[in-house]
Amino acid sequence: MSSAATNVIELDVRTDEMLVNMGPQHPSTHGVLRLVLRTDGEVVSEVMPHIGYLHRCAEKIGENLTPRQYIPYTDRMDYLAGMNMNVGWALTVEKLMGLEVPEKGRHLRVIISELGRIASHLVGMGAYGLDLGSFSPFLYAFREREKILDLFEEVCGARLTYSYLTVGGATADFPPGWIDKCLAFLDQFVPVIDEYHTLLTTNSIFIRRTAGIGVMPGEMAIDYGCSGPVLRGSGVNWDLRRDGEPIYTSMYEGYDWEVVCQTNGQYPSVYTAPNVPTEAVLGDCWHRFYVRMLEVVQAISLVRQGIEKYRTAEGDFGQPVKLTQKLPVGETYLETECPRGQMGFGIVSDGSAIPWRARARSSSFANLSVVPDLCQGCLIADVPAIVGSLDLVMGEIDR
Amino acid sequence: MPILASLLTEPIGVAHYMVVGAVLFVCGVVCMATKRNALGILMGIELVLNGANVNLVALGSPYLRGESATLMLDGQLMAMFVIVLAAAEAAVALAIALNFYNNFGSIDVDRANQLKG
Amino acid sequence: MAKLLNQCLDWIASWVGGSLPDDSLLGYVLAALIYVALLLGLVATSALIFIWLERKVSGRIQDRLGPTRVGGKFGWLQTLADGMKLLTKEDLVPGDADKMLFRLAPYISFCASLAAFIALPFAGRDFPFVAQHLNIAVFFVLAVMGLEVFGVILAGYASASKWSLFGAMREAAQVVSYEVPMGLCVVVPVMLAGSMDLVFLGDKQQGWFTNWYLFHDPFTFLVFWVYFTCGVASVNRAPFDLAEAESELVAGFHTEYSGLRWSFFFMAEYGSMLAVSILAAILFLGGWNGPIPIAGLLGLTWENGPVLGYLGNFLGMINVIAKGFLLVTVMIWVRWTLPRLRIDQVMTTCLKYCTPLAAVMFVGAALWHTTLPDRVFLGLLQAPEVNRRLTERLPDHSLDVQAIEQGTIAQGDAL
Amino acid sequence: MNWSSLLFLLCSGFAGVFAIAVVLSNNIVRMAFYLVLSLAATAGLFFLAGADFVGAMQLMIYVGGTLVLLVFGVMLTAQSQFVSMRTSSGELLTALMLGGALLFVLVFTAMNVPMWQPTNQPSVSEDTPVLTATPIGMALEGYRVDQLEQPNPSLRRGMSGYLFPFVIVSVHLLVVLVGAAYLARARRHHTESA
Amino acid sequence: MQSARHSTPMNPATTLPTILAIAWLLPLAAFALVWVGYSLPQMAGGRASYGAQRTAGWLATGAIGTSCVLAIVALIIWLTQTAPHEVATVHETAAAHQAASEHMASPPTSYSGIYYTLAQFGKLRISIGYYIDALTIAMFALVTLISTCVHIYSMGYMHEELEDMVDREIATPDGNYYHRPGRYHRFYQYLSLFSFSMLGLLLAGNLAMVFMFWELVGICSYFLIGFYFERPSASYAANKAFIVNRVGDFGMLIGLMALWSCLGTLDFGDSNTPGMFSQLRSEAHQYELDAAAMGSESADTNYLLLFVAGVGLFCGCVGKSAQFPLHTWLPDAMEGPTPVSALVHSATMVAAGVYLVGRCYPIFVPEALLVIAIVGAITLTLAATIAITAYDIKRVLAYSTISQLGYMMLALGLGGWAAGLFHLITHAFFKSLLFLCSGSVIHAVHTNDMRQMGGLRHKMPWTAYTMLIGCLAIIGAGIPALGIGLSGYFSKDAIIEQAWSFARVNESSGYQLLMWLPLGGAFITACYMFRLWFMTFTGMPANTERYDHAHESPRSMVGVLVLLAVFAVGVGWHVPGSKLSVTSLLERARPAGTLETTTGTWLPNLTVPDEHLSHEPQIAIPAGWSAFAMAMGGLLLAAIIYVWRWLRAEEIQQSFSPIHRLFVNAWWFDQLYDWMFVRPALWKSKFFAGIDRYVIDPFVNLLARGTAFLARALDLVVDRKAVDGSINGLARLTWDFGNSLHRLQTGNLRQYVVFIVVGLLGLFAAVSLCWKYALAG
C-alpha cells in the first residue's frame, strides 16, 4: 500500500469509460444540442456540451438590416418565446433612440410578453415531463399553449414568428374582442394548472426523479451567470422586471407582483401551488421546475392586471418607427427578463439606419454552461432530467 | 452405431440419454481446455455439470427403465442439488472472475500464472 | 388431444380400410400444430388489439382521438395498416453488428413470450383448455418468461450501439431482480391451493368472486398489487420501461431495429403483458370463475353433461381473456400516466419494497391460512363445498398425511 | 418412431449441436448464447424424461438466473480485445483429440452396459403424467412418499429424506451469496500515512 | 489345371495363352525396334530428329495400345467362355455364405502351360510358362490400360524431351544450366520394356519366371528413376531403389529355395507335374493347407519351412511394394518423371508385391499371414503420418502409395484376399489418376512444393476436379446408408470390414490394434489427401508469379485424366444390369481353401476369419460407418486447417514439434539406415584404405608427440572433464530434474484440464482391466 494518506476506493468492477454521444439527434436534447457523455456504466463522469449546430449568423445579419427589419430574426432566437425576444430588441433600440412608448403600448407589451412567458413555460414543463418519461402532460401543455398561440395569431397573424412588438410599440393594436377572449382563456387555464401539479409537481415518481438532482447552489448560479428560473430556482432573489434598467422596469410600474423565489424557505404565498416536498433541495431540478410553474401563475396575474390597465389607458398603442429611421451615434446594451432568463441585446451605431454592430447575449448559453458541473457523477437518466430542467433553446444559444 | 440405426425403431433408453450427456460433458471439457477467457471456462464447467445432470435425470426417469432398478426420485433430487450448487458455483466463480479482471485488467486466464512453480 | 385426434383419424382411415394406432406420431404432430396455431393466433390477435388499444387509450387520456379512420370506425384496423407498413420497411442491420445474433434476437424474445402460453390454462374442470397440462405450470410459466430477457440482452449486445447496450444491461438487471419478488408473490396462491397446477388453482376459486384469492385475506389482496407491480416491471412497461427509455437511451435495446424484427419485439412485449395478466387472473382473480358464476347459474357445468360443461368452459375462457385484457388495459393506463423511474430507483423498489413486502405477505398469508382454514373472503365466509372437495384432488399418489402424522413414515432420520 | 423419440432427437440434437458450437465459437457472447440454447434444450430433455420439476428448475435457475449472471459478467468484461481470444492451434488440437478419446470412451461405455439399453416396455407409459413436485417437496422435508413400499427397512432408513442436505445447501447458498457479494463488492482501502 | 469342361469352337485354354502372349510380346517388339532404330545410332553418335522421336512415341504407344485391346478381348473371352465360379454368386446372407463355402470344394478355373522350356535340372525345370486365371486377366487388363493411358499422357508431358533439353535442376560450373539432347525415344523405350516385364510378371506360370521378370521390372524401375541421371539426386535415388530391392530379393530367394527344396517345383499350376498349389492344398485334404504333403521328415519342420517360404516370399514383396522397413526407396523414386511415378511407382510395379502375395496366397500359413498383416499395419500408419507433413506434392502421393499398399498387405494378412486385391485394382486407377494430376500441376507451375501453389483450381479446372475425384476415391468417400460411393469406398470398406471381422474373432487387445490402425489410417489419409488438394487448388495463390504462368495441360493429358477419373469413380460398381463387377471377377480366381476360417498352429489363438463373414451386417454396418466417420473427420480436419483456417498449421507444428520433426524426417529411417548400414560400410572401407596409408606415419608421429600429448590429455580429460565434470554434472542433473518437474506446474489452467482428462482416460484404462463393460471386455 502506498504511504500516501489517501482513501483509495476501488470500484466493484473495473469498467472502461465509454464515450457516448447524446445528440445532436437524440429525443431528449430538444433540438440539436450535442452532449458527449463520458460514462462509467450508468454513472456519468463528464459531460461535454457541443454547440453550434443551429448557428445562423444572427448577429452578423443584424449589421446589415435596420432595427425594425431585424425584428423577425429575434423571433428565431428563442423561438418558443418570440414575443419576449421582440420586446427585448425593441426596448434596446428605443433606449438608444431615447424613444418612449405610450402608456397603452406599455400595457400591451406586458400582456403580450407575459402571455409569451406562459406559452414558453408550458413547453418547458411539458417537455420536461417527456424527458422524464411521462408523455401525457406534454400534450396537456401543448393544448393550452395552442390556445395562447390562437390569441397571438389573432393579433399578428403568426403562430411562431410573430414580429409583433416592434421598435416604437407594436405593429397593431389588439383586435376588437380579443381582450375578452384572453380573459376567457385565463379563466379556463387556471384550473388546468392544478392538473399539471397533480401529474408532475406532486407526483411521487416525478419528485423522486427531480428532487435532489442537479443541485446548484445560489453562488454557483451567480458565478456561472445563470439567470431566469434557473437562477431563482437556486434561491437568488433576482428578477430584471424588478431589478433591471429603468427603461425595462418602468414597463411593470404599477403592477402588483412578487419575484418567484424561495426566500427564508418560503415561496411567495400569493401564488397558490402545492407544498414543497421534503426531499427537494433548493437549487435542484424540482425547484427549477417549480419556479416555472409559479411564474405561470404570476404571469396570469400580470396579464389580468395588464388588461385592467390597458382598458383604462388612454392614447395610442405606439406606432412603429420608420423602417429606415436613422439611429443616433452611440452604443447601448439592455437586458430583459425573458422566460429563460436575461436576454441582452446590444447595439453600436455609427449614425446610419443600420447598426454598426448588433449583439445578443443569450440566457440559455449561460444556463447551458452549468451542465458539465451539474452532471458530474449523476446517472445517465439524470442527464435529461438536469438538461430538461434548464429548459434550453438551442436557437438562442447558437443564434 | 447400431444404436443410431435402431433409434427409429427402438424406444429411447438410458443409453441414449447417456450419449447426449457424454457429448455435453466432452464439449464442456474441451471448452475448459481450449478457452482462454475465464468466463468461457466457466461455461465449460456449466456444460460438464449439465452432462452429469442428464445422466442423473435419465437414471431417475420412470419412462426409460424398469421401475425396480431406477434411481427414481433420487436422481431428480441429485440433479436439483447439482443445479442449485451450480448456481452457487457460478456466482462465486463470476465474482472471482470479476475480481481477477479488476486486478489484471484482463479476463485471460493465461495471465493468472503468477503462482506457477 | 393427441389421442383424440388419432382416434378421429383412425375413424376416418377406417373408411378406406386403414387404421391408425393411438400413439401415432401424426396425432401428436397435428395436436401440436393446432395448439401452436391457436396460441399464436391468440398472441398475435391480442397484440393487434393491444396496440390499437394502446393508441386509442393513450389518445383518450391525452385529449386526442387516436386512430379514427382505418377500417371504417374507430381506426380498428390501424394496427394492421401499421403492420403492413412495417413489413415493407427496409430491414436494416448495422455494419458493426453481430449479424447472426442481431437477426435472431427478436425471435428469441418472441418465442419465450409465446412459450409461456403453453402452460397457461384458459378453462378448467374436466376438460382443461390448456396446451400442455403441467403440474408445475406456475413454475414453468415464470421460468419461461424469464427467458425473454435473453432476446433483449442479445439484441442490445449485437446492435453494436452503446444505447442498445445500456438498454440491455438495464433490462438484465431489472428482470433478474424482479423475478425474486414476483416468485414470492406467486407462491402465496400456490401455498393456499397446495399445488402449482394452474388448472387446479383456477378450479379452487370456483363460484362467486368471494372465492377469489384476491379476497382470500388482506395479505393476498396486497400481494396481488405487489405481483402486478412486479409483473409490470418484468415486462418492461412504464414506469419501469428502462430498457427502452426513449428520452435517455433513444430506444434502448431496439434502437437499431426496424421493420419486421422491431415488430417482433413489440409482439413479444404484448405477449408477455398478456401472459403476466392472465397468470394474475388465474392466480388471484378466479381465472375462469367470474365475479358472478354465470356458467354455473345457467347450468353450463360438467355435472350436467359434457356438452354443457364444454360450453361453460367456453364462457370461462372468455372470462379469463377478458380479465387479462382488463389488466393489460390497466398497464396501458399506467403507462400514459406516470413518469419513468430511474434505474437505481427501480432496483430500490424491487429490493427494498417489493421483496420484503412480498415476504411479509407470504408469512402473513401462511399464518392466516393455518388459523382460518377453509374460510374465504377475508375469513368471513365458509369455503364452498366444491372447493373443499377439490382438496382431495391433490396429486397424492400415495401421500398419506395421516401416516406421516402417526410416524409410520420415517422422517429424515438420517439426521 | 413415436413422438417422444422425435422430441428426444430434436432436443438432444439441439443440446449437442449447440454444445459443440460453444466449443467452436470464439466470440464469448456467442458462446453464451449457444450455451443458453444448449441448456434450454437440455431442459427439454428433462421434461421428456418425466422430470418436469427439474426441467423447470433448469430453465428458471440455470437458464434464467445463472446464465443471465454469466451474460452479465460477459458484458462487463466484453471489451473488444477479450471478446475473442484465440488459443494456439496446438492446444486446440490436443484438446480435441483428448476430447474425442473421452467421448469415445464414454459413448462406448454407455452403449455397452446392457442395463442401460432401451427396453421395449418402459415401466410407465409416456402419457401418464408423473407428478413429481409434491414428492420432491416432501423428500426435501424429509418424507419419502415414493419409498413407502420399500421393503428393506435399512435402505428405507438411509433413503428416507433429504432434509439434511437441503439445510446444508440452503446454508451453503447463503454463505455463497454473502461471499460472492463480498468478493465482487467495492473494497475500500483505508491507508494511513506512515 | 487345364479345364476341359468347355468344348466350344474357341477354346479359352488355347486362345487365351495365345492372345496374352501376343499382348505380352508386343511391347518387347516396340522396345527392340526403338533400340535398333534409335538407341544404336545414337550410341554411334547419331541424333534422332524431332519427327523421328515422335514416331518412337507412337510406336510404343501403338504397341501397348494393341496389347490393351488384346487384354480386353481376353477379358471378354474369359467372361463369356468360362463359367462363373460358384463363389462368385453374390452373397446376401450368412446362410448363402455357408453354402458358398461348401461349394468352395473346387479350385478356381485356371489355365496353365509352358511356352518354352529353358532348362531342366533334375526335377527343377526352368521354363517360360503361363498361369492364367481371373486374377491374371484382370491384372492384365489393368496394367495395359493404365500403361496405355500413361503412354498417351507422356506424349504431352515429355514433349520437352523432343528437342534439346535444358535441365534446370543442374547448374554447370560456368553458371548455366545443363544442356543435353532430348531422350524422348529412350523414355518410350524404357516404358515398353517395363510394360513387357510387368506383363511377363503377371503371366508367369512359375515362381522362377516371376523372379526373372521381378528383376526385370526392377531394372526398368532403375532406368526410369534414373532417367535424369545427370541429376545427382536421381542417380542416387535409382541406386537406392535398386539396392534396397536387392535386400528384399535376397529374402525372396530364400523363400524360393525353401519352396523348391520341399515341393520340388515352382510351378503354380499343374502342367505336367502337380504344381505348388495342388500339392499344398490337395483335393484329398479338402483344399486345406497340408504341411505333410511337403515330404519332409516331420510336420513341424514342414510347417517351419512353409513359414520360412512365406515370409521369404513376402520379403521380396516388402522390397518391391515398399513396405516397412524397406519403404525408404519409394519416396526417393519420385525423382523419375511423373508418368513413371504414376505407372511404375504407384499403379503397377509396386503393386506387384501385393499381386505376388495374392498369387501365392495358398502357401501362406496363418503365422506368415500375421507377419504380413503386422507389416502392413505398421506401414500404413507410418507412411500416412509422414504424408501429413510432406510438402512435396509427389512425396505426399508416394507416402500415400506406401500407406495404401500397407492397407492391401494388411487385408491379405487378415484373410481378406479379395479385399486386398480389389483395393489393388481400385488403387491403381485412382493413384495413377492422382499422380497424373500432380504431374499436370507440376507441368503447369514447375515446382513440386505445395507451399508455392494455391488457388490453382481457377487456372486448371479439369486437373483440379479430376484430382478431387481421385482424392475422394482414395479416402473412400461414399454414402454408407445408400451403399453408393467412389471406387475407394468399396475397396477400403472391404478392408476395414475384414479388419473389424478379424478383431471380433481375435479378442486379445494386440489384435484389436490391427482394427484401429487402419481406421486411424483412414482418418489420416483423408486428412493428408485433402490437405494436398486444399493447399494446391484452393485458397489464395502463394506464389503469384507461378500462379500467373500456370495453365491447363494439353488435351492429351486432360483426356487421360478424365478417362482415369471415370474409372476411379466407377471401377467399384457393378456392371449395370448384371452382378458382374471387379469383385465378382476376383472371386472367380479365389484360391481353393482360402475361404475358410483357419487358426494358427503355433499361435492357437490366432484366427484368420473367413472373408465372407465380414459382409455380415453386424460387422459391415459399424465398420462402414466408422470408416465413413473417420474419412469425413479427416476431411473436416483438413478443411478446418486449410480452408477455414480455424487452426493454424504452423502453431500445431510448433506445439507438437517433436512429433512433427519425427514425421518430417520420415521417422528418421534414412538416417537410421545411414548409421546402421551405410556409414559402417564406409568406415570399414575407409579403415582398410587407411591402414595402408596411415599405419606407419601416425604411429611414428604419435610416439614423437606422445609425452606432451599425454600430459595435456590427462589434464584435459581426467582433471577437467572427469573430476570437475562429474561434480558439475551431478549438480546440473539435480537442477534439470527440478526444472523438468516445475515445468509441469505451468499455472496454465487449460493444461491442468488436459491433465485431468488424461488421468481420467488412464483411470478408465485401468478400470477396463477388471470391469466387463469397459474396453477390454
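Each chain carries a letter (A, B, C, D and E) given by its place in the written order, and its residues are counted from 1.
As a working rule, a residue touches a chain if its C-beta (ideal position, glycine included) is under 8 Å from a C-beta of that chain, and two chains touch if they have at least 3 such contacts.
Here's who's who by UniProt: A = NADH-quinone oxidoreductase subunit D; B = NADH-quinone oxidoreductase subunit K; C = NADH-quinone oxidoreductase subunit H; D = NADH-quinone oxidoreductase subunit J.
Since this is a predicted model, take the numbers as computed values, not measurements.
Trainee: If each hop has to land on a touching chain, what is the smallest number of hops from chain B to chain C?
Mentor: Tracing touching chains, the least step count from chain B to chain C comes to 2.
Trainee: Which pairing of chains gives the most C-beta pairs in contact?
Mentor: The chain pair with the largest number of C-beta contacts is B-D.
Trainee: Tell me which chain's centre, taken as the mean of its C-alpha atoms, is farthest from chain E.
Mentor: A
Trainee: Round to the nearest whole Å and give the separation of the Cα centres of chain A and chain B.
Mentor: Chain centroid spacing, chain A to chain B, equals 63 Å.
Trainee: Roughly how many whole angstrom separate the Cα centroids of chain A and chain D?
Mentor: Centre separation, chain A to chain D: 61 Å.
Trainee: Go ahead and note the Å separation of the Cα centroids belonging to chain B and chain E.
Mentor: 47
Trainee: Counting in whole Å, what is the centre-to-centre distance of chain D and chain E, each centre being its mean C-alpha position?
Mentor: 52
Trainee: Where does chain B touch two or more other chains at once, residue-wise?
Mentor: As it turns out, chain B has residues touching two or more other chains at 2, 29, 33-36, 98, 101.
Trainee: Return the residues of chain D touching two or more other chains; collapse runs of consecutive numbers into ranges.
Mentor: 1-2, 53, 57, 65, 67, 69, 76-77, 87, 91-92, 94-95, 98-99, 102, 113, 132, 135, 144, 146, 162, 184
Trainee: Of all residues in chain E, which are in touch with two or more distinct other chains?
Mentor: Residues 750, 753-754, 757 of chain E each touch two or more of the other chains.
Trainee: Show me the residue ranges of chain B that touch chain D in the complex, using the header's touch definition.
Mentor: So the residues of chain B touching chain D come out as 2-3, 7-31, 33-37, 39-40, 42-44, 46-47, 50, 53-54, 57-58, 60-67, 69-70, 72-77, 79-81, 83-88, 90-92, 94-99, 101, 106-108.
Trainee: State the interface residues of chain B toward chain E in the complex, per the touch definition above.
Mentor: Those in contact with chain E are residues 1-2, 4-5, 29, 32-36, 41, 109-110, 112-117.
Trainee: Taking the touch rule as given, give the residues of chain E at its contact with chain D in the complex, in rising order.
Mentor: 641, 646-649, 651-652, 654-656, 750, 753-754, 757-758, 760-761, 764, 773-775, 777
Trainee: In their shared complex, at which residues does chain A touch chain C?
Mentor: Residues 18, 20, 26-28, 41-42, 129-136, 139-140, 143, 199-200, 203, 205-206, 208-209, 379-384 of chain A touch chain C in their complex.
Trainee: Any idea which chain D residues touch chain C in the complex?
Mentor: The contact residues of chain D facing chain C are 1-3, 6, 27, 29-30, 33, 36, 40, 52-53, 56-57, 59-60, 63-65, 67-69, 71-72, 75, 78, 127, 129, 131-135, 138, 141-146, 148, 156-158, 160-164.
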